[in-house]
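Take a look at these structures.
One chain, chain A, links the two complexes that follow: it is found with chain B in the first and with chain C in the second.
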Partner chain A sequence: MGKHGGLFLAAHLRMALALARKKLLQEAAYGLQFAHWFVTPFLGILPYIYQARFFSGPGTQGAEAFSRWAGTTEYIAFIAIGACLWDWVTNLLWEVGFSFRDEQEEGSFEQLWLTPAPRWLLALGNAAANSLINLTMALSVLLLVHLFFGLPLSVNWPLLVTVAALSWISMYGLGFVYAGLVMFLRDATHLVDLVNRAVMILAGVTFPLSVLPVWLRGMARVTPLSWVLTSLRSVMISGSTWGDLKLELTVLSVMAVGFPLFGYFVFRIFETLTRKRGALSGY
Partner chain B sequence: MGTDFRTDSGTNSGTNSGAHSGPNLGDNSGANLGANSGTALRRLWAELRIVGAVVRQRWISWKSYPAAFYMWPISPLASLAVVMFMAKAFSTVAAGPAVSVSATAQTIASGGAVTDAASDFRSFLLVSTVLWTYIEGQLSLGFSIESEMRRGTAEAVLITPASRWAFLTGNALYQFIRSTMNAVATITFGIVFFGVSGFLGPNWPRTLAIFALDLLVVYGYGLVLAGALVVFRSAFFSYAWDCLLPLLAGSTFSVSVLPPVLRKVSLAIPLTHGLDLLRWSVSGYPTVVPPSTEAWILGISAIVLPAFGYAVFAVLERVARVRGTLGQF
Partner chain C sequence: MSNLQTSQGIVTKDLTRVFRVRSTSGEGAKASRKELVAVDRLNLDIEPGELFGLLGRNGAGKTTTIRMLSTLIEPTSGRASVAGFDVARQPTAVRASIGCVLPGERNHYWKLTARENLRFFAAMYGVDPRREKTRIPEVLEIVSLSDRADERVENYSTGMRQRLALARALLHNPPVLFLDEPTGGLDVHSARSLRSLVKELASLGHTVLLTTHNLQEAQDLCSRVAIIHKGKLVAVDSPDGLRKRSGAADIVEIRCRLPAAGAPHEKAAAAVSDDTRPERSPVPLIRGLLVGCGISVEGAANGGDWTVTSKGPRAASYIPRLTAALFEHGWEMVECAVKQPNLEDIFVEITADEEATADG
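Now for the complex of A and B:
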């Protein structure tokens, strides 16, 4: 039994590694596309930074006005870190969903889906490579922002790792809902764009949530991404301690337990609906 | 013989030159002209039908994804809201529930970046956002070809007898329609939610003319990027340009805030002047170089860039054909 269990686990690991290797090979085959993952996120952040400089004006009045809303005059750090973390979190969210979409477009989804490999493993294995790319990308962008704009980072590293890990698990769990939606609705790109833009407001990526009208602020409080961004930002900019983030850590922990279960449950519902429609290979 | 010959010859000659050649010349040239113009008209009609078919195909493809089709207004609303709320965060006046972007304009004015301009800063942001919807649309020409390549239909489309012009114009027209939908939604949201007034400024014909020239410039960029995609089989250049352009051309800010090195690069991009001129026309915001100079740069670029873009696309597409890589991705 123990031996079989070990073999079972080894087989699963091999499957996950094979899928991850396939994905990395695919990405590496398109050299320029591979470079795009590392260059464009940094370029994407720069317009927000210069936009903020423009809004702030040459004096200190703009920065002081900003601190009234955000609690810090370091608006470049606030926006740069927000935008960088936003990329990281949204990529996490869509990694699972996009991996299926790619398989659908390449015509290999149905074959992959009909193999005896468990569904969750297919989702996770495919996304493992994306996670590696995503993490490297986020770290390199943060490094570049730090080098070019001298971010005043005062980080409690164990706390940052804890918050990042809880965020990772939560967003991956939520990613299963998106994966199910992608499978069911077939097109992810437009949906990604729409949801990303809508949530960009509710998560306060480039501005403090306090500038939102009251009714939108209420919606922001129940948006998981706003908790993730607020917590990560607090740790990286304000140097928050474990005690400062009690509420945030509790919420993130609940999300880390609840979202994967909820996500997988919703995913299976969408999968069943898609199968019944006979639309697994359609896109 | 001689007579006969002469007679025949004369007769023939006369007949040929007069009765035959003359009427034929007249008939042929008329018929040829008619036939030529008929052929030209038929060809034009055929090209226009191809353009229409491409637009229809893209529209049907979009419509077949109901989630995207019915929720499209979210995107323009979000784009505008993000920039408006960001501006509000720098406002020196504690605003109530409504966005007080004019206060942001005052912040900038009092800071010295702007002196007496930007009387209504919201128009500045709205017009920038609207133009950007068109810019993104035209730049996505490359993405539309990437989509065809990914789905394995690019080769089939590009080797049909349909001209490149019709294929590209169809895609550009589809993007223009989508961008116009987004622009209308953005303007409506700007007026309803953010209280923008006088969107096009007092001199609206001038603003619209600048707008049209800007679109031609962007169409040129889109063609070059589409060509690059066909050869390199990667949308890297489209993605990179999509990221670089908002920074270098100053999507919703003046390039005067860029570092000197970037500002020099920025001023070498015609679209920078197009955006700058448009905002000057709408809200009287000071331009980085004199408006007349920017108008010349924009006008010349609007003529040269689409032609240049088309030529580049034709050359790069031919390279891909010769290599036999049209169907690869």
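Now for the complex of A and C:
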């Protein structure tokens, strides 16, 4: 392979772009889905916000009680950001697998697998376009919440981008495990439901982790998604600085290195198992 | 271990694929796992540039063979090399050297146009961007889709999708082509034009492995044919060679009837042979004429018509004798046809041979 040199990298880049472009063309063909990206997620978090407003009672006493748990009086921001980030992070986690599932349902999976492109690139490139869509989605929902409820937006941007990037990489890495499962089991959606619901609790999506019983709090601390969510939220609401997040940044960095390696390793095992079993096709 | 001689074509050595399938036995819902040998120690040696046919009934193991050769699934045992690369050890090199047309029409992106599909796969096959600009119109031209190239594949007919699949397989100009039942599901015209296309590709130097269950197709296209039956290779030969090998060289089908009583023709016939009325079945008559010729005769009645099938070497040469005798006995000929043995006949012949030699 060495003799191809730099051409090799260029070819890989072209493959990744082709995958992303193909995905966007497909999305564009279903025009109506664009509305689905922006409106539905926003509607999805409104019940949480109104429920929180109802529980906090009239006046500001409720917010003060809230701040004793959460360390901030901004309960709308807390919930809106939590729910929106949760959407983003779980999408990241599943989208590598989902994009495989799409190919399987489309019937094009084998054709993709027949190409000489590296397997990891097929997985990543396919998910890259989804990533773009999901990021747009998350940002636009935050913008809508900002417009309707006045989200405070005084953020340390470099820190936010760093935390987001580390989260992205680690969730993608973990996503490879799921992609491998999709390939092997073909349908692994029940797993998605289970994990999503569990994580909704363990990552403290609409409430601070401090309300959880002690044993659940222990589980939350070893849930990768709770680190992602807590770090992002503290940058976006509490205005945390680099110094405040030393521990979180360390944990996220370790995840960003470890999960992709682990994920890819598991993915390859599943790929081999699938080819051994002999059922790459079908769904 | 490395006793597999590689060639630029396709070589397999004891290639085997076993599937573990779940089977529910009659009583109770007890599911057990059973082993199914889909491809059984297959040995093939396909020359570079050859148009080779893999012939077999549904479930014979044709697609499984192609899936192994194209690296989609792993062989259970045995080896194979394609275009000089080992399928197990150099899968990426194999993938870069082959173009595949797999059965089914869902293997395009239906929401994309043909051209967009081709652009996508050109990138995935690492076709040079400058080359791509000329190559896509080229392959579209080859499969005659140039003027429909900017329509979405969802609006295509089955035949067009099949041709697009071929165009995609040609994008990177691979030395080896796998075509798995390329004419399956096509109407007569589309199938014919696809066949001539395949022939053309072989003449350009591509090694083509084509699967089919259609003997005529194999006969028209392939220089050599392998027949596989239940995963086992039963015969490899040129299509003509296979026919010669088959004992059932000709099949003669004669349809005849007795005219209604009193018809002038019957009176004439009765005058010629005034002794007896012809028997109600023509089969004994024809059997009598072919005694000792090694030809089997069977008859079936349908309303007033009889269809008599004589099967055997040079059966066609006895037609004049048979028709004359039938005429003399008052039978009226409706139709007489000579048929080549079909795949089914050759199958029966060859597999019967196999079993006989296995017994002896």
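What we mean here is this: the second predicted complex is superposed on the first by the 276 of 283 C-alpha atoms of A that agree within 3 Å, B and C clash if a C-alpha of one lies under 4 Å from a C-alpha of the other, contacts with A are read in each partner's own complex, and residues count from 1 in each chain.
FYI, contacts are C-beta pairs under 8 Å (C-beta built on N, C-alpha and C of every residue); 3 or more make two chains touch, one makes a residue touch a chain.
Predicted, not measured: the structure shown is a model, and the values here were computed from it.
Model built by superposing both complexes on chain A: chain B and chain C fit together without a clash.
In the superposed model, more residues of chain A are touched by B than by the other of chain B and chain C.
By the touch criterion defined above, A:Tyr30 lies against chain B and chain C together after alignment on the C-alpha atoms of chain A. Once the two complexes are laid over each other on the shared chain, residue contacts for A:Leu114 go to chain C alone; chain B is not touched. Of the two partner chains placed by superposition, only chain B is touched by A:Phe54; chain C is not. In the superposition on chain A, contact is made by A:Val39 with chain B only, not with chain C.
Looking at the shared chain after the overlay, A:Met219 reaches neither chain B nor chain C. Of the two partner chains, chain C is the only one touched by A:Arg14; chain B is not. After superposing both complexes on chain A, the closest C-alpha pair between chain B and chain C lies 8 Å apart. Within chain A, the residues touching chain B in one complex and chain C in the other are 30, 106.
Put simply, chain A touches chain B in their complex at residues 30-33, 35-36, 39-40, 43-44, 46-48, 50-59, 61-62, 65-66, 68-70, 75, 105-106, 181, 185-187, 189-191, 193-194, 197-198, 200-201, 205-208, 211-214. Against chain A, the residues of chain B that register as touching in their complex are 62, 65-68, 71-72, 74-75, 78-79, 81-83, 85-92, 94-95, 97-98, 104, 107-108, 110-113, 150-151, 232-237, 239-240, 242-244, 246-247, 250-254, 257-258. Note for the complex: chain A touches chain C at residues 11, 14-15, 17-19, 21-22, 25-26, 29-30, 106-108, 110-118, 272, 275-281. Residues 17, 19-20, 64, 67, 70-74, 92-93, 95-96, 98, 100, 102, 104, 106-112, 116, 119-121, 123-126, 129, 152, 168 of chain C are the ones touching chain A in the complex.
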